[in-house]
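Below are two complexes that have chain A in common, paired first with chain B and then with chain C.
Up next is the complex of A and B:
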């Protein structure tokens, strides 16, 4: 063997690594680089016009009361929403996992709410229910003579809506922890004279506290980067958070792209700090005695508290699903949008399917549905393949630099979706590939945004394959690629399928990442709803929301056998 | 004639030395048993022979072919070493039938289908699972799994057969029976084998040659 061919062989062997690094560079690093670059540019970035002098002026111009207020609102809403989500989510998880609460399915339903109710649809529905003047709940209160108005267009309203729609994430993250505790640890406490309550407070909750801490920071991160909720519920009263302020800056005439970039950088750094803290805390989880063995934990008898517990769960489901969809249906079915009083709400004679017929025939709905499905499927296929190869290289190769791939793959966790969208926009202005204006740019944004979830779940299943299954194939004379094809892929097939289904659902559900990337031909369903809402056509927005949620629910129902509870928590 | 020759092999994991300067020869048709407490480096030696582990130093020769030589930069990849191995956990692929498991090494050698069928049948016969070919593996008992793993490792007529604590997962009675069967099969096929075990008892039944490894920290190998 001469030195030359050895070098050549080495280069060939490292080729997959370089290809992956290149792809992740374009999907993750370049958008962030463009964001940072745009934030210090003197002029607007535009197609083919990147350049000009550098300045820090964009950051200085951010020092305005509007920014401070948005920052303050973001923090208050994120803290408040996190607290509400924690209380709700943890209570539901504990009831479902450790007590004899009746109608357990009702509680477990809570865990899958986010699959088919996007935060945008939730916010839209709650604006129908509790806008100060025409909100359905307020009409009812008024007719009942109760001098009280629920106003969802307030900080409290945002906190409430975030709380109910992010509680499922807390539920998912703590539920498995609560079921996986070794029951002997609790029995030991009980034997040593602890009451049920003391066992819960002294043993159970301390054991799940690392998971709880992780869930807290994750929820905080998800809320602080959320764009649809403040856009829908904050805008009517001029209440802004950082993501909705970024959106407004981009929609000024002319847009303040550099300012948006600077603000986006600030939001990015904030989220990175939160995610970094979360990782540090989750990293220390190893010492806990939560093991993967299938214990059957002892159930606590609720006794007389059973019915209040059920009432609590029912209230949650009613608030998060029943009332919102009731309101969406109410508006989509009404022939006359105007509601005079509470009695009108229940006047069945005013209902008809005309609203749905109009929407089903509407060209923007049809294009949106088609685009959503095509882009979602493409994201699932391309993303699934990419994330599988990434996991394969990270877990089954000895190539130097494979850890960098894992690191880049997890990075989008710390990138706010709306900021990723901005970065994408400018990246494809710069690159000499005419991708802007096509569906493909949306697909790439979806793949980039959900890499951590999909790559993470495939990675987990790699870790669960005992390595001797593959080693015995190697010993039997199969090469590396033959081994992955014959042994590895069949063994983790179901996890690849589940990752692809997650990509499909998450992509269809996504609004923030593509809000700057669509053109009139490439609008997806989430964008169609947002546009109807923004232009004040609320009945159409409601009808499309119902159909949109039905599509998501159908996919979720179909995927149920592949999706484990754990996969859904995402990060 | 020497079937396995290990010269001055050292295996390191990071800063920990698992095996230091081990040398040994195994003659053709012989069965070597490596003994020693857990952590003494038995598994590292075996994985080094198979090519699953890369030693830091030394030379390994299998049937007059140098498969590893740290000094000369030779490192034949696992799948070209022609070694049969029974893993401690058996490593039977759960998504393949008994036949497919055993046929795998032959398919990798691209043998004609007819020959594969004949040799798999022969191997299954040898381990006493003649009628099990079409079965799935999830319903097999521990002893049956072990036999499948054994059939899979001898079907390719390996230069060397490696057995990684092959009996440790079985109950005592089954262990005694399989121990003699193992020895019989090995002699019947004239295979050179290296087996490792945590307890000294096993060697009484099957090993004409046994090497007792001490933890590397004790300065012996």
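Up next is the complex of A and C:
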């Protein structure tokens, strides 16, 4: 009898775990399972395709020069883009966090502003700036008599665009690491006569190395799976990466769904190997550097390097923000899309607001805006709740199987968005729940896709808060739930808010995960822009991009203080 | 279930379809609904043609709306649908996806018995035929179809072409003088156009395959190779070619004249020439689905599509109407010659359209550098 009750109590205690595993199963495992299944099927998965013939032919057909070329392009672009993003992002983060660089707000802006410029918008803008013949920059160069053409439709162009638009991720991931280092560790080294350089290389960087490795991993993963940039910048010169090749296969008539699945599996395995290697390198070291004690990190004086540092930041902001938005505005405002020469670019008489009026009245823009906001908010609320509970179970319970949750939660890092989208498509074709064609399927895709970022950020704050604070409460006689509510939640509240805001922003920015999931009723803004681009209405794509970025900027501005970029004096 | 569903009607105000709407509204003619606009009882007569008898029209009005799955470009589909809604008072719920993905969705929904579409419109005879094999279509002979050529009709009224868009040559009038504009496909091979030609990728749809099949058959593999040697700028869709052409990124281009002229209407410096050596065209196949839940409204839509007023709406977006008695497309003030006065090439009805497709598309990808040239290693 007592045994039965104990068993029952144990089952109840373990219920949250089973619920979480079930949810993650549907969000992560099932889509991957469907992808693998589709890759060995003879026909596209769908009702009636079960029990169909299995084959390895799809993989054999992958062994073509087109695949090798796309793989090679993918690797080159991802490595190059990651390096550029790391250099830019880390420099900015270090300047903002640890130096007396003037105009600190500008540096922080440089780090966060590109959050609202999606890589798609960046690519669109740079194709206007640097298309070989009529790119605005090239028009100016030509009129100045400079015999040099910037061509963004090249590997170098892709690397450049990836680098500038993924640098903010590196910035965000390393900035807090740099500000949160316990200065006692650095002071200790200094007391022992270590030089600034030695402190930096032997103390500071090892301390931020988890953040840095994490940033490298994330950036590489994000770039190699990125679809919009190669789609926009690679297409004109026939330059394909794995994601754009997958998209092309799916857009054949009829689609080569099984080929796309096999290729998706290949991309998935590649990414998983990378992630696995990174995890091995990181090991299981513990990095508890934030405790109940207050401190303030020491600032490094830049001296004569102060102004070059500012110039560096200004250049970054101009390249990532000012020029692209100038180009988008130029095209949105022009009544005639044709620009004869550099002088025409500045001829204000050719400008008008008609383009924006048309877009604001356009039903696809309105539906897109509405859908983006609704889906983004739903993803933030559902995702925030799910990821908090996951983090709570993983870090504050002793339930067996909690590590599996942590593992599943981090898994989507290794799942390319476009591949996740394919998996979702087939999963919900088959499941008897009529979710395909609704906004909810987009929301689920967002939640699954951004679990690592959101769950990871909440987890980090659990990890950084030593359990000594909670243990003190427990020792002082508070119950578990009271401890959670009064100690844990207030301590990590800002990280939950921050995770939800990240979910909101990332969801609204996302294109790849939903490119196979939307229908005309459930188009979101990113899809509307992509559609306008694909059907060749660039001026409208540009106008919507501007409005889209304004929406994202408003959210980013509102959430600035939660997103890890804080004014140092406020700490 | 969808969180947001709006009738296409509201889009009438949107300027995206503005230019086209004006054209189709003006040519819409007299509408007689229910014997004089009183409502329920009576046939639907537009432009002197009876589109639905009283019984069908009444039943359609009961249903009120129909669901259309389409792969036609949004701009054109909305313009046509707006004309339909104005003529009939029925509404269209439009779901638009690119051709290949629309096909996947239709087949998948059909297999699970949940096909929501009442009517499907999409390119590619191959896909229309495989719908037939899957049992997606329901035979329905719309009136006026006797005025349509046999090769534009599928077997037993299962599906038929509502319009045939076509490819022609376009140029940017700021960069190319009218006298120098290419007027034949061979003109594109002139060395002066090297690096200055825009064209859509062969796999963009059945349309681009029809275009390249025509060139391959009529002018040979050598033509493909010489065109590739001109280093054209390749885009993912026919629409974006027009955009490149408008901005001057490519001075000349292989374009859909309707798209090109609609952009001209918005102020872009663009023009079109119709190459004398052939206008590769392709069909937009239209049909009623077997599982239609609004069969009457759907039938009114099919009847309307084949009627004079429906065909006028098609002409106003720059596609060729299929009826032999319909005038040619008229866009942005440009009137094209009638169907039988131009050299439309219907490559879709050739045997090679299906049989050579895979092999020659691979060859195209190779010739145009999407895959490494034979004998070459993957490059760095």
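We take it that the second predicted complex is superposed on the first by the 443 of 571 C-alpha atoms of A that agree within 3 Å, B and C clash if a C-alpha of one lies under 4 Å from a C-alpha of the other, contacts with A are read in each partner's own complex, and residues count from 1 in each chain.
Rule of thumb we're sticking to: a contact is a pair of C-beta atoms (placed from the backbone, for glycine too) under 8 Å apart; a residue touches a chain by one contact, two chains touch by 3 or more.
What you see is a predicted model, and the numbers here were worked out from it, not measured in a lab.
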Query raised in the report: After superposition on the shared chain, which partner residues are touched by A:537: those of chain B (first), chain C (second), both, or neither?
Result: second
Query raised in the report: When both complexes are superposed, which of chain B and chain C contacts more residues belonging to chain A?
Result: C
Query - First (chain B), second (chain C), both or neither touched by A:468 - result: first
Query raised in the report: Touching A:490 in the superposition: chain B (first), chain C (second), both, neither?
Result: first
Query raised in the report: What does chain A use to touch chain C in their complex?
Result: 44, 46-49, 64-66, 68-69, 72, 76, 131-134, 231, 235-238, 240, 248, 250-255, 257, 335-340, 357-358, 361-364, 367, 370-371, 374, 429, 434, 437-440, 516, 519-522, 531, 533-538, 540
Report summary line: As the complex stands, chain B meets chain A at residues 50-52, 77-85, 87-89, 91, 93-95, 104-105, 108-109, 149, 152-153, 156
Query raised in the report: For the complex, which residues does chain A have touching chain B?
Result: 466, 468-469, 471-479, 482, 486-487, 490-491
Report task. Can you check the complex and tell me which residues of chain C touch chain A? Result -> 1-6, 10-11, 13-16, 73-75, 94-101, 103-105, 107-108, 111-114, 116, 123-124, 126-127, 130, 172, 174, 196, 201, 203-206, 233-244, 246-250, 259, 267-269, 365, 368-372, 378-380
